[in-house]
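Take a look at the structure below.
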Amino acid sequence: MKASELVNQMAGSGVMGAGRIAKASVIMKEMLSDKECKVFLGLAGAMVPGGMKNILVDLLKSGKIDVFVTTGANITHDTFEALGFNHFQGCPKADDAKLHKEGIDRIYDSFLKNEVYEKMEDFFKENFEELSKTKNIKEFLWKLGELLPEDNTSILKTCSQKKIPIFCPGIADSGIGLMIWGRQAEGKKFDLPVFEDMKEIISIAWDSKKNGVIYVCGGLPKNFIQQSMQFSKGAEYGVQISTDTPQGGGSSGAELKEGVSWGKMKEQGKYIDVYCDATIALPLIWADVKDKI
Amino acid sequence: MKASELVNQMAGSGVMGAGRIAKASVIMKEMLSDKECKVFLGLAGAMVPGGMKNILVDLLKSGKIDVFVTTGANITHDTFEALGFNHFQGCPKADDAKLHKEGIDRIYDSFLKNEVYEKMEDFFKENFEELSKTKNIKEFLWKLGELLPEDNTSILKTCSQKKIPIFCPGIADSGIGLMIWGRQAEGKKFDLPVFEDMKEIISIAWDSKKNGVIYVCGGLPKNFIQQSMQFSKGAEYGVQISTDTPQGGGSSGAELKEGVSWGKMKEQGKYIDVYCDATIALPLIWADVKDKI
Amino acid sequence: MKASELVNQMAGSGVMGAGRIAKASVIMKEMLSDKECKVFLGLAGAMVPGGMKNILVDLLKSGKIDVFVTTGANITHDTFEALGFNHFQGCPKADDAKLHKEGIDRIYDSFLKNEVYEKMEDFFKENFEELSKTKNIKEFLWKLGELLPEDNTSILKTCSQKKIPIFCPGIADSGIGLMIWGRQAEGKKFDLPVFEDMKEIISIAWDSKKNGVIYVCGGLPKNFIQQSMQFSKGAEYGVQISTDTPQGGGSSGAELKEGVSWGKMKEQGKYIDVYCDATIALPLIWADVKDKI
Amino acid sequence: MKASELVNQMAGSGVMGAGRIAKASVIMKEMLSDKECKVFLGLAGAMVPGGMKNILVDLLKSGKIDVFVTTGANITHDTFEALGFNHFQGCPKADDAKLHKEGIDRIYDSFLKNEVYEKMEDFFKENFEELSKTKNIKEFLWKLGELLPEDNTSILKTCSQKKIPIFCPGIADSGIGLMIWGRQAEGKKFDLPVFEDMKEIISIAWDSKKNGVIYVCGGLPKNFIQQSMQFSKGAEYGVQISTDTPQGGGSSGAELKEGVSWGKMKEQGKYIDVYCDATIALPLIWADVKDKI
C-alpha cells in the first residue's frame, strides 16, 4: 500500500487523529500549490535529533517554502551533523551520570558526542572573520550555511543555497549562541541586532496576496510567524502539528482558530490542528503531499 | 512511496515517536509470525466511531489474533454499523443542545443518529430468545455476531465466524448492556455470569508456549489481558499504542516494562510503547506489517 | 494561607487550570449541598496506590455520596491495605526485573509486596462461604467490606457500613476477580450476574429529582454512570478530573458538554472539566469544599 | 486546612502527582533558603494571561530570585496590565470571528481588548527616547519597568526596582518587539545586541558556588538557563513544572535528569519534574514554601 493511499483511507473516515492527518494533507497540498501564497514554516522541538532533517531538507528543496523560522537548537544540531557528528539511537532510561562521564549528551533517546562542541569551536574560530561580516541573523545563518562543508546536505546549507529567508530570533539560546559568546569572551567585537529581521518577515507577510503557515511543535517559531500574520489579512492556510493541547493556554497548543480573534488567521481560511508526535505526522503528511504535488 | 518504505525510513533514525512506530512494526511482525505464540488484542478507546473498524476486521481476518478483548462501547458501535447506521463526520465544537434536539449523539467529531437505539431494540427483541440461550459473555457475543445481518462485515461477525474468543468483562457498561436491561425490565429472566470467561482467557495464557499482547488505548481490555499474563511466563512480545503517559500512574499509560515487576511481561521480552493517537499509529503499523507477513 | 483561600484566589483570575479548579470547587459545593440531588462518584485510575484512599473515605463518610462506581483495581488495592499491606513509595525508573525477583509489584512509583496475594487467598478461602451467599456485585462488595478486619478504615468497609450502593461492572478485571477464579478452579460453584446491578443504578438515576456526577480519571466508571444518566433528565451538576483531553475521542477525555448531545447532561446544567492529575486536583478541591459545606 | 498542611499530606503518600508537588515544595524551600545558591527562574507559557502575575511578583519580591528569564509574551502582557488593561475571563469556545469584530484577542479562555496595542504605541512613542538609550535587553527591560506607571505592581517594575537581572533572548517575538519594529518603521535608529546578555547570565552561573533552577512551562527560558548551567558545576537544585512529557523529545518536557548527561544538572543534585498545569501547581507550591521560609 502506498503512503498516499493510507492517507486517502484516513480521509475516508475523516474523524479523530486520522481525519486530522488527512485534512492536514489536503490543506498543505493546496497551500503549496497556490502560486499566490507565501508559505511560512516554523520549526521547534527536537526535530533534527529526532531524525527529521532529511524530510525538512526535502521540503525546503521543493521550492515551496518561502520563509523558514526555527529555534536555535535545530540549526545547531544541523550544524553538528554538517560537521560530521551524527545523532545516534540511545535509550531514554540511560544512566545520565554514566553518559556524562563517557562524554555523551542525551536528547531523550537520541545521543550525541559532546566532543562535537570542540569541533564546532574550531570551525567558528576558523570562519569567524567571514561570519562576523554579516549584519543580521538571516545573513549570518546564510553565511554559516555557505561555510559548512561542501559534501553535506544540511538545513542551513539548503536555506543558504536557495536563498530561503531563515529567521531565528532566539539564536542566543543555542550552541551557535555559545560560539559567539566564546568569541566575545576572546575579545572579538561582534554582535547582531535582535529586532532587525522583524522588518523582513513582516514585509513578506504584508506584501503577499495570501499567506500559509506550517507549525511543527509550536514554540517561539510559531508565535513569531503568527505575530507577522497580524500584518497580513490573516493566513489563508494553516497546518499545525503538536502534542500540546489548547487546555494549557500556551501558544504551542493553541488552536489555529484562536488566531482568528487576533486577525492572524483569516476567518474563512483553511486550517487544521494535528495532535500528534511530529516525527510520526510530518513524514506521513509529506509522503502524501509530495506524491500529489 | 509505499507505507512500508515510510516505516523503514522511520526505523532508520530509530528515535522518538517515529522510532517507536518502527519498533512496534518489527515486534508486531515477529509476534504475528511466531507460530508458537498466541496473540491477545485488547481494544479500548473510540476506535469504531474513529473509523478503525475495517483495519480491525482485517487484522482479525488475518488469522493471527487468538484472543480479542474489547470494551462494550466498541462492539456496540460495531453492532450499530452492522444494523445499517454509520458514524458520520461532524465537528467537535458543534452545539450539543442543538444536536440533542436533532437526535444526534456526538463522540468527539464522530456523529451518530440516536434512532439507532430504536432499531437496536427491535433487533434485540426479535432475537432475544436465541441470544438468551447463551451461557457466557463470549458465547453471547458470538451469537450476536451470528445473528447480525448477513451482508455486513463486522467485528462481532468476524469473531463469530472465525471462532476467535472475544471477551468483554465490562459488557454491562454499553448499549448492549442497556438492551439486556431493557429485556429484564420487560420481565425476561436472563443474565450472564461475570467471572465465567476468566477461566478461558487464563487457560489460553497458561497453556500457550508464548504469548504476545497488542494494546490499543489501554483501558479495561489491557488490564484484563495483563492479569491473565500473570498465569503465563510473562508475555514474550508486546505493542502498546496510547496517548496516555506513565506519569499519571494509571494502567492505560503504564509502560509495558512495568509488567515485568508483576511477572506479566517477560524480562527478556520484546515490547514497545507507542505514544500516539491510535487512529494514526495503528493504520500505519498495520500497513507495514501486512505488507511484510 | 488556608487551602480554601488558595482556591478563592484561583477563582479570582478564573482562567486556565486554576480557574477550572475554582469552578469545580463551586460546582461540587453546590452539588453536595443540594438536598434534591443524588451524587454519583466514578473512580478510575490508580487512586488507592496513589495515596487518595483517605480523601475518598472522607468523601464517602461525608454522607454526600449516593452512588459509588469503581474499577476493580481500586477496591482490590483497598482490600490489600485493609489486610495490612501498604503501598510504599518507590521509583518509576526501578529495575523491574530486580523488583520481580524481590517480590515487589510496581504501579508507577507506588510499590507493593506481591505476597499480599497469598494473604488475600487466605482471606477469601476463609470467608468464601459468607461471600458466596451474595446475589449481585453490590451485595458481594458490601459483604466483602463487612468481613474485612474491624480496625481498618477502608473504602469497601465505609460503603458497607453506610450502605452506599457500590457498583463495579468490571469486577472480573481485578485481583478480586482472580480470587473468585481461584475458588472456581478449586471446584466451588459461584458466580454473579453481570447485568443485574444496572437495574439499581438506572432506577436511582430515574427516580431522583436531580443528579450530580463526579468523575475521577474517566474509564469504565464514568461511562457506566453516564449511561444511567440517559434515564434521567440529564445530570444537573458535573465535575470531571482527568489528564486525558478530548482530542483522542475516547470517553475518559470527552468533555462533559458532549453528554448534552446524548441527553446525559442537562443543557442548562453546571459542569466543568478539570485537566489535571487527580492526586493533585482532588485533595485541593475537597479541602476547599469540605471547609465550606 | 492550611495549604501547607495539604502539601504535607501529599508528602505523606509521596507518590504520583501529589508526591511530586510535595517534593517540589521541599526542594524549592531548600533552594530558596540556601544562602550560597543563586536561583534562576525561567518563565514560559501564558502565565500572565493565566492570572499568575501576583504570585510571580510575590516570588520576585521575596528577594530569593537572582536571575529571571522570560518569554517576550509574559512581559508584554505584564506591560498591558501595567498600562491599565486587564485580562478578563472568557470562554475557550467563543466565536473567534465575532471576537475579532469586537476587538477582543483570545488566549484560550483569557480575553484582552485589542485597543491595548494603541495605548502601548502611545506609551512607547512617549518614552522612546529614554528607552533607546539602553544598550542591552536587560537594561532595556529595567528601563521599561522604571517607566511604567508608578501605581502599578508589575513583574517588570519589580525586576527594575529590585535590580533582578531579567533576560529575554526572544524579545523580538512579542508585542514589545512589535513596538520597536514600529519605531524603526518610523525611521528611528535603534536596536539591541542579541548575544550581549549571555555574558552576564553565564558569569552569574559560573561565579556562583551553587545554582538552583525553577522552570515554569519550559520553552526558551528553560533552555537558555540550562545552557548557562553548563558553565557551572551543574545545578544543585531544580524544580520543573510542565504538562509536557519527555516522550516527545523536546526540551520543555525533558526530565531534569537528562541535564546530568550534559553537565547542566549535578549528578547528586536535588531535582523533581512536576507534570501539572502550572496555574495549579505553582500557587500550591508557593503557598507552602512561603509559609515555611
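First chain written, first letter: the chains are A, B, C and D, and each begins at residue 1.
Throughout what follows, contacts are C-beta pairs under 8 Å (C-beta built on N, C-alpha and C of every residue); 3 or more make two chains touch, one makes a residue touch a chain.
It should be emphasised that the depicted structure is a prediction, and the values quoted were computed from it without experimental measurement.
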Turn needed to bring chain A onto chain B - CA fit, degrees, nearest 5: 180
Most distant chain from chain D by Cα centroid: B
Chain A-chain B separation of Cα centroids, rounded to whole Å: 37
Where chain B and chain D are represented by their mean Cα positions, the distance between them in whole Å: 44
Centroid distance [mean C-alpha coordinates] between chain C and chain B, Å: 24
Numbers and ranges of chain A residues touching at least 2 other chains: 15-17, 46, 49-50, 108-110, 247-249, 275, 277, 279
For the chain B and chain C complex, residues of the former touching the latter: 44-46, 49-50, 71, 73, 92, 94, 96-97, 99-100, 104-110, 114, 137, 169-175, 177-178, 180-181, 184-185, 191-199, 202, 217, 219-220, 223-224, 227, 243-244, 246-252, 254, 257-263, 267, 277, 279
Complex contacts: residues of chain A adjacent to chain B: 1-6, 9-10, 12-19, 21, 46, 49-52, 87, 89-90, 108-110, 275-281, 283-284, 287, 290-291
Touching residues on chain D, where the partner in the complex is chain B: 15-17, 93, 245, 247-249, 275
